[in-house]
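Each in structure tokens, the structures are laid out below.
Each of the next two complexes has chain A plus one more chain, namely chain B in the first and chain C in the second.
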Partner chain A sequence: MARMTTASEYALKRSKRKQFFKNYGIVLLFLGPFIFFFLLFCVYPLFYGIVMSLMRYNIADPSKNEWRGFSYFQTLLSNSNSIYNTEFWYSMKNTALFAVILVPLAILVPLAIAVLVNSKPRGYKVFRALIYFPSILPVSASGVIFISLFGTNFGYINQWLGQTIGWLDQTTTAWFVIILLCLWGGWGGNFIILSAGLKNVDKSLYEAASVDGCTGIRRMFAVTLPAIKPQLIVCLFTTIIGYFGLYGQVYVLTNGGPANPDTGVGTTATIMWYLQSLMNSGQYDIYGMVSAMGLTLGVFIGCITGIQLFLTRERKSGTKLARAFAAYKAEKAEKASEPVPAVREEANGNE
Partner chain B sequence: MSKVLLAAIIVVCTVCFAMVVLDFVVVGLKKRKELGEGRVARYLSKNLFRLNAFVFLLLFCIVWLVPIVVGVIGSFTSQYAFENHPGELIPSDGFTFDNYIALFSKYDTNGVRLPVERWILNSFIVSTVTTVLYLTIAGFAAYAFVFLRFRGQRIVFYVLIFTMVIPGVATMTAQLANMANLGISKSLFALILPSLGGVGGLYLIRQFFLGIPQDLIESARIDGSSNLRIFVKIVLPLAKSVFLVQGLFCFMGAWNDLLWPQVILGTADKSLWTLQVGIAYIAGSKTANSIGINLASAIVSAVPILILYIFTQNKIIEGVAATGVKR
Partner chain C sequence: MKKGKIITKIIAVGLAAAFTAGIAAGCGSGSNNVQDDLKFDEFGDPVFENVDLKVWSIVGDPDDVYLEKVNKMFNDYYRENGLQAKITPIVNGDFYQQVANTITTDPRNAPDVIIIHSERLSGLAANNVIVPMSEYFEAAKTEFDPDAYLDNVMGECYYQNKLYGVPLDVHAGVWFVRSDILEKNGLEKPTTLTEFVEVCNALVEKYEAGTLWHREMNKTNEAACVWTQSKTFGDNYYPVVMSKDGGIEQGWIPQTAVFQNGGKLTDEKGYPAWNTKGLEDVMTMFRNWQTGQGDFKGTPYKGAFVSGKDDVNTVWSKLASGEAVFSCEGPWWIEQRLNEYEDILGDLPDDGNKTYAPLDIMNMSKLYALDENAEYAGEIYGVGHCFSICRTVTSKTKRVAAALYAKFMTENAVDYMQGGHLPACKAILESQQYKEKPFYDRYLKEFGDPENFVMLGNTPHYSAVYEGLKNVYSDIFNSNFKDRTVAQIIKSRYDYAVNFIKASEGL
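The block that comes next holds the complex of A and B.
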């Protein structure tokens, strides 16, 4: 008897071991390639970047690398005599100011348009498609179109107005054109997300509100806005992050823009444009500095993304995929709870 | 001020004014209960907001599309018209294809021809290869996360999700050095490979896979199907739509990317550039004698996206709504 048990246990163990290799072999086969690329191109650069920021890193000749400790971070954070420090914070300031001005615009305008589209006028799907269209155009293409619109001598706008305004040659107007391009080619995503949210607001909420005598503007603030709070949060954070990555518009339209006559620094320089200009400047030993800048900015953006992920965890409502999932879950729950109402009905019938 | 603009402003103002007057009349009549019982009156009292929305959206869309119309028309306008009659939407000497021909025989300041057709080819290679590879790799990985069981599954997944917090800018320099160390910094691999480690698409595909009933997979497994067979025969057909959406995102992302190709490819070898880098380079000269060519290059780069959008705009819009990914 005892022998038999041992044998079967051995067989079980052996088959388990076999199963283990079988299972993990397939896991490795399926997950392996992704993990490989993920480690090589996502995790490794992060740590490598931290190492780089502590070095005077020469990208052309790695044998010339020298350890610099935290001196680059020190320069960035406290030494205001260094040109890197001043230009970094100058372009940071530009970018932050730009984001502060544009974020409300880039959420409120799409919200208004989404409310209009959501009333489902005739052909609203066409409107939706047209309004979203500029957002998927390559930024260099839409930038080129805007150059032809806002050119000084031959631009269409100047000709139509009968003026010769140097739109892209003055700081204020250059920012204005950049903002226009960001709005034209940028808020389509917000518009789609918000209108999806509006579409999925529970109709019974509106009915309840109208029973309570709440209509018009009040209904908007008391019912609609709270109902689409998740979408508003997603929009808010993705917009802020997007504007901190503002690059293509600036590069194509002004390439850093009209230089400040006193300092020679481009007045429409954004942080991404500045980093790009450093990397393309042909200085091979600057990469440690750029890495330190990227990490400083990255910590900042990472915090914003972290807050967003925290606020929106498992609450991606208003989506077709999530709805399909929710429907599946509900179906499952229904199946589980089906017998109960049936029994109750029987009981009622007996009474 | 040109007559066209003036006329446009007048038309817009008139339409808006008419709409406001109509609103006031209808609302006023409704308050005094003098609105008739006819079909028009009933329609108006019921759909006033929708009518307003329609008119406003119509005007808005017309203004919204002005840049695109200008871009398309401008690309067919001759150099002569730009210099002598700037600002005319319909050029006096008719439309021509000259700009497109000139684009493909454009020389840079050193007298070297710009390999535009090579840029287009590069862009296509990068976009399609990235899309196909990423969908394959991420699809299998998502399958492993949803339908296979292994130790540390949740932890690995949470680590992946956590790295979404790290923005690209923090790792960009290191990525550059990484490419240089791998010896692929001056080839198209440098554009294709880094995006294969992206977590966003994996997350999207996994979310969709979660909606596929586990029972289906279990029963297939009991019937003796291998995991590969289940993936190809069951999961793939069910998850077609999410693969399409993610594929579109991948393709458009790779096609539209400007910063990374610029940084990694540099300016030395122009035959390596993608189309976006090339356009940004051509657009660098903002003089009049290149407006037409600039616009032609912009249209060339926008046409593939436009074609994709026309056929799949519903899917793209649903995908954006579902994921909050903005392209």
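The block that comes next holds the complex of A and C.
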């Protein structure tokens, strides 16, 4: 027989519940929706992907799914006889080379423009709007603009030049057009972040630098860049991660081509394009392998991000500089035979 | 308990749930259980009560309109029996992916019947997307006679000796010909490869001499439609448009070249078998057509026939401008194009007050046969459509209805042929109704004998076999591979196709 709950026990439980909601209700209210959607759209697909990567996963007929353990990862990492291994790393190489070329450009060009606009020339607000304009265009639209420009038979550039250059048919020129589109279509985001950073640089630092005799260039390196370092780091992170996912521009402009007869993927195939092309290949049991590739890519990007974090970490000097400064002052005071005030370490921060 | 601990707990529970759901989702099931709900009336016919068939079709614009006409006939015929069908064209290129995804993840919205390319049937059957059909014809007490259909297309509807589809049609890419330019210059439409080369040589020669008559098909500028002999197209004149990336050229020319020179596309295992000497010779000829170098059976080329820079955008524009006389396209555009050219140019006379039929078509028979007298020289690579039933149809009544639908649609598809297809059903081919249709005389007759169409062959490795050969064609026109011999290109594409199949088998 079930035990009866006493009135005091009930009251205690009820008050505990009330207290719980009083304490945590607001937290749950604000955090709940986020946690729910985060779990649904980020965590669940991630675990689903991990499970898929361990299986021969058939999207047409789940009854044919079979466990494969880590064999797909093994293939990707060590079996160079498999076309999945060679094509995966070929696409990764393409993507990495693209990132190496584009990322500096995608930060330096917006930085240069931001510095120019920050000097507030006449009509700078119009410039600011125009510079950001390409970023509001969808990739498909800006891609069509670029195809109209660089098309072989009817492209404006070829018509102006009176040539029939296959801009998108040659590997080098095709990459050039892709990079141009990425740069033009993507500089707006970094421009806005860096402009905001530049606006917040303390003006007194520039005044002090001028008093110390800094020229324009020196001021840029000694004041501006250190002051906007946090924004630069944000740009660096988002740009690298973003361009490792390069897909739309390649899809619209070259669809992975020009062809490479030695592999199934073209010479402008990036890793995201390759994964997408595998999923659309009509091979229903490729999804496990694609998931393994996606996770390997994720780990790879994670490693790059880790290296970036390490290289851009806040370097701390402790009290070393303060002590050196105190010693310098003491030495100077000694030389001048004047009494020197003691420098307390804690006054210089205890970092 | 601290707030942090509570939040940690919530997140931990969520993660555990997501992980469990992830594993559960990975171990789904593809059940084929069929509910035996079939009933018969007093005459022994199956009874359908409000059976609505959802049909997804790969047949898109412009021929979906004609397919819908046949579907309407079916709906009218079976309305009182409580059986109706609704066709949804899915033509965005992901058809087969969408079908597979939907029947697994959203079976309630999955199609009951799919109209597919018959060359994809083996792959769909191997992956349990579609089901064998014979038992449903038996259950419907309706005889299904495979001999009532053309052997070549019927052959692609079997997988492991079981019937998985009912064939609707067979079709192939065709050459559009500026017949007015040929006639005005005293030339005739070629019927063999030798004649094709002769005509192209004559056109090039005339252009270089400045004596080639040509005219534009221009909707907005009638003045441009006047006959001229000027060298309007610059120093280089190319009478043939062969788009390097056009799906029709890639999808029919190399395949037909293999067949017309005694080869086949697949072997008995379903692996590619197109790496033949015949293919190499024809592809070498295409290379020569780009440079104008070399000869054809001892007759030197008078110049280049194709520019090597044509793409899908120039297929129609060069034909319309009169620069090109031959251009390859899908048969489904025939009616529109014939109408367009005839409307604009049909009644425009030359100086001698003579009018010309501006556009004609020719099939690919013997156009890539190096030995025009060989028994296989007239073969054309054919692609068919067929009807299949999806495994997600769990009601036996519905499966029977779907089988009846497939049979009805294929046996009554005369109107559908207006879209540029030849019927797979022999009864239609022989019927007066079909032969009396205006479109039969106007263009279907030009397609050739559907018995001469040869199909890909039953292979579950469609992508590797078919795409590999398409890539050979593209590579021949790719300036990046000028340094590679044709044999090297074929070998690398063939090796890749085989490796691709082996890798996918080893997954």
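What we mean here is this: the second predicted complex is superposed on the first by the 263 of 351 C-alpha atoms of A that agree within 3 Å, B and C clash if a C-alpha of one lies under 4 Å from a C-alpha of the other, contacts with A are read in each partner's own complex, and residues count from 1 in each chain.
Everything that follows uses one rule, which is that a contact is a pair of C-beta atoms (placed from the backbone, for glycine too) under 8 Å apart; a residue touches a chain by one contact, two chains touch by 3 or more.
As the structure is a prediction and not an experimental result, all values here were calculated from the model.
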item	value
Touching partner for A:Tyr57 - first (chain B), second (chain C), both, neither	both
Touched partner set for A:Pro258, first chain B, second chain C, both or neither	second
Partner contacting more residues of chain A (chain B vs chain C)	B
Contacts of A:Tyr156 with chain B and chain C, given as first, second, both or neither	first
Which superposed partner A:Asn65 touches (first chain B, second chain C, both, neither)	second
First, second, both or neither for A:Tyr284, with chain B first and chain C second	second
Which of chain B and chain C A:Val139 touches, first, second, both or neither	first
Which superposed partner A:Thr164 touches (first chain B, second chain C, both, neither)	second
Chain B versus chain C as contact partner of A:Leu31, first or second or both or neither	both
First, second, both or neither for A:Tyr84, with chain B first and chain C second	second
Residues of chain A contacting chain B in one complex and chain C in the other	23-24, 27, 31, 35, 39, 43-44, 46, 48-49, 52, 57, 59, 62, 151, 153-154, 279-280
Touching residues (chain side chain C, partner chain A) in the complex	3, 6-7, 10-11, 14-15, 17-19, 21-23, 25-31, 93-94, 96-97, 100-101, 103-104, 120, 123-124, 127-129, 309-311, 313-314, 391, 462-463, 471, 474-475, 478-481, 484, 489, 492-493, 496, 499-500, 503-504, 506-507
List of chain A residues in touch with chain B within their complex	23-24, 26-27, 29-31, 33-35, 37-46, 48-49, 52, 57, 59, 62, 113, 116-117, 119-124, 127-149, 151, 153-156, 158-162, 168, 184, 188-190, 192-193, 195-196, 234-235, 238, 241-242, 245, 247-248, 251-252, 255, 272, 275-276, 279-280, 287, 290-291, 294-295, 297-299, 301-302, 305-306, 309, 316, 318-322, 324-325, 328
Chain C-facing residues of chain A, complex	23-24, 27-28, 31, 35, 39, 43-44, 46-52, 55-65, 68, 82-84, 151-154, 164, 166, 169-171, 258-259, 261-264, 279-286, 288-289
Chain B residues within the chain A interface of the complex	1-2, 4-5, 49-51, 53-54, 56-58, 60-61, 64-65, 67-68, 70-71, 74, 82-83, 86-89, 137-138, 140-141, 143-145, 148-150, 156, 160-161, 163-178, 180-181, 193-194, 196-199, 202, 204, 207-208, 210-211, 213, 227, 242, 252, 255-256, 258-259, 262-263, 266-267, 275-276, 279-280, 283-284, 286, 288, 291, 294-295, 297-299, 301-302, 305, 309, 313, 316-318, 320-327
